[in-house]
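Shared between the two complexes below is chain A, which pairs with chain B and chain C, respectively.
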Partner chain A sequence: MVNTLTPTTTERAHSPGSAGLAVDGRSRTRRRQVVVAYLFLAPTLLFFAVFLILPLGFALLLSMSRWAGFDLGDIDPVGLDNFTDLFADGSTFLAPILTNTLLFALGTVALALAGSVLVATCIDNLRFQGLWRTLYFLPIVTTVVAVGNVWKYMYEPGGLVNGVLNALGLGSVAFLQDPDTALPSVVVVQAWASVGSAILILTAGLKSIPESYYEAAALDGAGPVAVLWKITLPLLRPSLLFVCITQFLTGLQSFALIIVMTKGGPGDATNVAALEMYRQAFSYGNWGIASAAAFVLFVVVLAVTLMQLWIFRRKGEDA
Partner chain B sequence: MTRARRTHGLSRRHFALALPSALLASGCAVPHQGTGRPGDPIVLTLLSHYASGELKAALQGPVDEWNATHDRVKVRTRAVEFTDLLTTFMVRQAAGQGADILHPYCLWTGQLVQAGVLRPAPPEHAEEIRRGYGEAAVGSSSVGGRLYGYPTEMQTYALYYNKRLLREAGIDGPPRTWRELEEAAYRTSRRDRYGNTLVQGFGLSTYDDSTTVGQTLALLNSAGGTFVSADGRTTAIDSPAGRAVFDLEHRLVAKGASAPGVNVYKAFPSGQVAMVVSAGWWTGSLKPLMGKDYRDVGVAPLPVPEAGDQRATLSTGFMLGVNAASEHPREAWEFLRWLNTEKVGVKSAKKGAKATRMSSLQVSVGSLTGRADDMRTLLSEGGDPNLRPFLDALAYAVPEPNVPGAQQAKSLLRKNIEALWTGQQSVDEALWTTRRQVDQEVSRAW
Partner chain C sequence: MNRRRFPLLSYLLVVTGAVLTVVPFLDMVMTSFKGPGESGTLPYRFLPQAFDLSNYRAAIDQLDLPVLFRNSVVATAVITGSVLLTSSLAGYALAKLRFPGRNFIFRLVLSTMMFPPFLFFIPHFLILVHWPLAGGNDLFGRGGAGLTVSMAALAMPFLVNGFGIFLTRQFVLSIPDEVLEAARIDGAGEFAVWWRIVVPQTKPVVVTLGLLTFVDAWNEYIWALLVSTANPDVMTLPVGIQLLQDYVDPTRTMPIVMAGLVLSILPVLILFLLLQKYYIRGVMLSGLK
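Here is the complex of A and B:
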């Protein structure tokens, strides 16, 4: 029943006349696969085009324009004036707004990282680990507005924190009203609220460290501090890198907690870039300034992220 | 069978393409606005901050009355909290979803006019507004001498004081000069051994822009100063009057008679503030909040720097205007005329007394309108005597500047006031920084 007159696929491929046909067939198949692949990707690509690329291009246009936000015909090109205004003498964008943004992000990362390493290490040695992880994860599932308001009440002159200080015989502190303590006070809350997700990632990282290393360290008589510095932290570096970068990015873009707790005050003591952008665009109708500020923040975020990746790679860790 | 499915049914590939397309199409579709059939009534939307409680009910009353008596034009209310109102205007307008009738805070009028959001009042309406309302009300609804809407709620600023706290400190009545104010503030303020404020002599508050700046601007006006120059392009805060106000506030904070971090809206009703400058709307909130303790609350005209000085205070307000993008401006203006100028009988006042629906609405929630005649009618019998000083102040109050960039100027002033109160800036630095920042922003806004 085999048709001996029809060449097999292999023969077709090797016969001089049919070589072109075979290549055509393969390229047709490949083209069809590519088309189908793009068709499947189309919704996502369309989504990105509509909600990412277009707004990005529009924001770039606005950053070099003056616009009140309503009529597209009113967009007035002003070149780099908005950027110049942001960094002009007397402008508050560089200091204290951008400085606050970086301090806020740095403070949050430092506290959240230190706290999460400590707690994750403790949890790793406890029973009922799932329970502890859940407890520490709870702030993540609570809305920022609720977290901010609760802490705001706790920080108030007659609030819980001052109550504790008074009970210890100490004077009250105007946590959110004093420009020197307002930013650190909000940083503590942001770190507290984000420590849960960091713990989740770090405990997973801790689980992946082979027990044999600890056994070998124990045989060599290494103490807990040496084990932490020589074994745990180096092997936890991929998780630490992830936590560090994501927390830093979140910190740089932080907005909700600050608007709830201090509205950027007192003065500009807790004002950050995202809050300033929001105000410039939606309260004052300065879309150009807001867009320019957004691009400056984008450059800062990019630079900081690349720097973090570079530092970790230098230490032998590929992100 | 496969062929038949391809011909008559929906193949998996078609389905895979059709589903996201349908989702995208439905997601991007314009919200349903009505049937669009000829003969259907025109539906006007009204966006305000009368979002909850008695404010919402008070506005809905006349709107329901209009809808019951008018077949061709219906009005639908939309409301958001005041803190979200400007943002909502901006976002909805940018999205092409602006309401037909807007109810903005007059501070934003210049910004909204410059952005082409508000439609100027037609001449016949402008004439009615000028004829029926006080100078401050007309001024706050105008930009560059042109009217953009009917003034609704008008607020003037006066001194609230706690009679009991003043009495306990041996003070007979409310202060009339700044010297008396300061003296009373020091005598009434109390703190515990940990530094917690038990009683603020004079309440200064960082609660929000309106609270912080309103207090300072009211005192500035009472000292004969102004925040923005007559042409609206520069600030006049760096004046002897401005310096006097900043000096006064700085002394009060430094000497412990004021605790700006305390929420004055909670502390005053709790008897923890002896005196505070605030607007008339507060009387309506204080009554239910304080219950029988409200009898301790007194309201007096704002103290002046020296005895015999001419009285002045701040006035702020809201207006009802028509969106420049509205497809039915004539109908919208007609509704506003009906609401704001047509006089109807007043149930609570003496027989035969008449007032506009808006004036009745405002007084029912413990507020004022810019129509002095209505206010006198509505307060003629059994009105709260604490509203009188606010009503009297309508005659001499200075409207809050509403130039383009006014909101930003106010926010910048607030930041510098807070920097002054918290010791970040001296009086000189605060004045100089405010002037430089506000001048820069206000000039850019033009």
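Here is the complex of A and C:
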């Protein structure tokens, strides 16, 4: 801080007199910082204006309008009609679409959580931890098009999964074509793809559990199940909760995998809210309905996000 | 140690899980070497009978892979470069410069992370369609196709990243003020301070953020699909490969699709294996935002 009192040579040259020179130099530096700061922030602020604030307003306007999608002058405000249409009798939005969205998110969380808890606690016992984590991480760095297509192919009658079932003497299953199995089949893939990052966060949580707890448990002769139940899981609760909520949020918003694997079918068996929004807009040109659907999903996502913030803020105060 | 008491059971579980994770990738690679009539038929065979490299040739030709590759590379490079540059500039300003509105702008940056991407697909597309004076549009964005028919559309919605700014800011905060002041006394302007001190000091976060951005941009599908529908010339790798998959008989062309997929995931895979330490740190940091 002392240094700001010393003006640079250039500033001294511009100063009118020696009296008040230090103060003058400092305010000049400060003014220059303001200009520079806004210059540095200009690209970001411009971007936020055009690609964040303007779109949010636009989306809100569209959600309360009917519009054919050509001339901006033809946007026809209809109030909350789009929202009432979404929830009207006979609309497929609440069931099956929104129900599917929740089932998809819940199913993914349940599977990914079970898998990652098992693997993360086991990896903690092993050597070559880095190697294992790298393997489990592969799906995360892979494009959804690759993941979706490989699994779609594996689910085919002549694919790997049915190949294994046949080898075990079981009949083939039309995983993605049967309305009863289609959604669970996609859920498995989404969980498969997200186990890696869950393992990573749980491992970080496991590392922070003091070794002495395990030593004490060993002295008391606790078995592996008791150790997992009484020590590991309770102390891992913040990490578990975190994985749960973030995976749930991701699940609510996912639809790229579904586009790749089933396009929402058969029927609406795997249709979810984000996909419905996408199709209403870009396949049918119903911009208003699509935007309304987006906002309904956004409210659900926001509620979960706020709940997460609230839980973790409370945790922070407890600590 | 005491934690390592049941290695056998643990090995069994971890290896089973690892096999379940890796098998789809192996199936992809194996299928990419299968000859005509060898895939999608019963009984299922995991290994190809003869390692047929012609699928890779076919993928490169049929998909016009060099063009798809170029589009993916350009979009990814522009996005990654822009995110790194804007994150560093904004992160420095928010961490170390004093100016009115600083708190407000920082809160704005934080709030951008709350908005889910799906909310923006429609308005972003419409904004690009009605971009003034582009693609045959007049000053009010009417009449033409706007920016949707240009390569710029692939990158534009991703040029700035709130999380990137936040991450860089947290990192810049740890640079001591004295170091910056010393440079200013030596006559360095703010731009020189940023370039000569802040950028070198934040190298680890630049690598992490760069890698995260690269992988996301390379793998991006939905937005690229929208833009490519308006203009097939800017099609990226994921979109092109998916398109081939959609239009052809799965028993005949599946090996070609798989060959294309193998080629399309190789760049990220290699980069990830080389720099996984940085990538994993990025995922942990972005998980904890």
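Note that in this section the second predicted complex is superposed on the first by the 254 of 319 C-alpha atoms of A that agree within 3 Å, B and C clash if a C-alpha of one lies under 4 Å from a C-alpha of the other, contacts with A are read in each partner's own complex, and residues count from 1 in each chain.
Keep in mind that, in the parts below, a residue touches a chain if its C-beta (ideal position, glycine included) is under 8 Å from a C-beta of that chain, and two chains touch if they have at least 3 such contacts.
Only a predicted model underlies this, so the values are computations on that prediction, with no experimental measurement involved.
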item	value
Contact breadth on chain A, by residue count: chain C or chain B	C
Partner chain in contact with A:166 - chain B first, chain C second, else both or neither	both
Touching partner for A:119 - first (chain B), second (chain C), both, neither	second
Contacts of A:284 with chain B and chain C, given as first, second, both or neither	first
First (chain B), second (chain C), both or neither touched by A:40	both
Chain B versus chain C as contact partner of A:134, first or second or both or neither	second
Touched partner set for A:71, first chain B, second chain C, both or neither	both
Which of chain B and chain C A:144 touches, first, second, both or neither	second
Which superposed partner A:255 touches (first chain B, second chain C, both, neither)	second
Partner chain in contact with A:157 - chain B first, chain C second, else both or neither	both
Overlapping contact positions on chain A, where the chain C interface meets the chain B interface	36, 40, 43, 71, 156-158, 162, 166, 281-282
Residues of chain A defined as touching chain B within the complex	36, 39-40, 42-43, 46, 68-71, 74, 85, 90, 92, 156-158, 162, 165-166, 170-172, 174, 176-179, 263-269, 279, 281-286
Complex interface listing, chain C residues touching chain A	1-7, 9-11, 13-14, 17-18, 20-25, 27-28, 31, 39-46, 85-86, 89-90, 92-94, 97-100, 102, 105, 108-109, 112, 114-127, 130, 140-142, 156-157, 159-160, 165, 177-178, 181-182, 184-185, 187, 189-191, 194, 215, 218-219, 221-222, 225-226, 229, 237-239, 241-242, 245, 250-251, 254, 257-258, 261, 264-265, 268-269, 272-273, 276, 279-280, 283-284, 287-288
Touch list for chain A against partner chain C, complex	1, 3-4, 6, 8-10, 29-30, 32-34, 36-38, 40-41, 43-45, 47-48, 50-52, 54-56, 58-59, 62, 71-72, 115, 118-119, 122-126, 132-147, 149-151, 153-154, 156-160, 162-164, 166-167, 192, 195-197, 200-201, 204, 211, 214-215, 217-218, 224, 242, 246, 249, 253, 255-256, 259-260, 274, 277-278, 281-282, 287, 290-291, 294-295, 297-298, 301-302, 305
Chain B residues within the chain A interface of the complex	13, 16-17, 20, 23-24, 86-87, 90-91, 93-94, 111, 114-117, 194-197, 206, 208, 259-262, 405, 407-408, 411, 414-416, 418-419, 421-425, 436-437, 440-441, 444-445
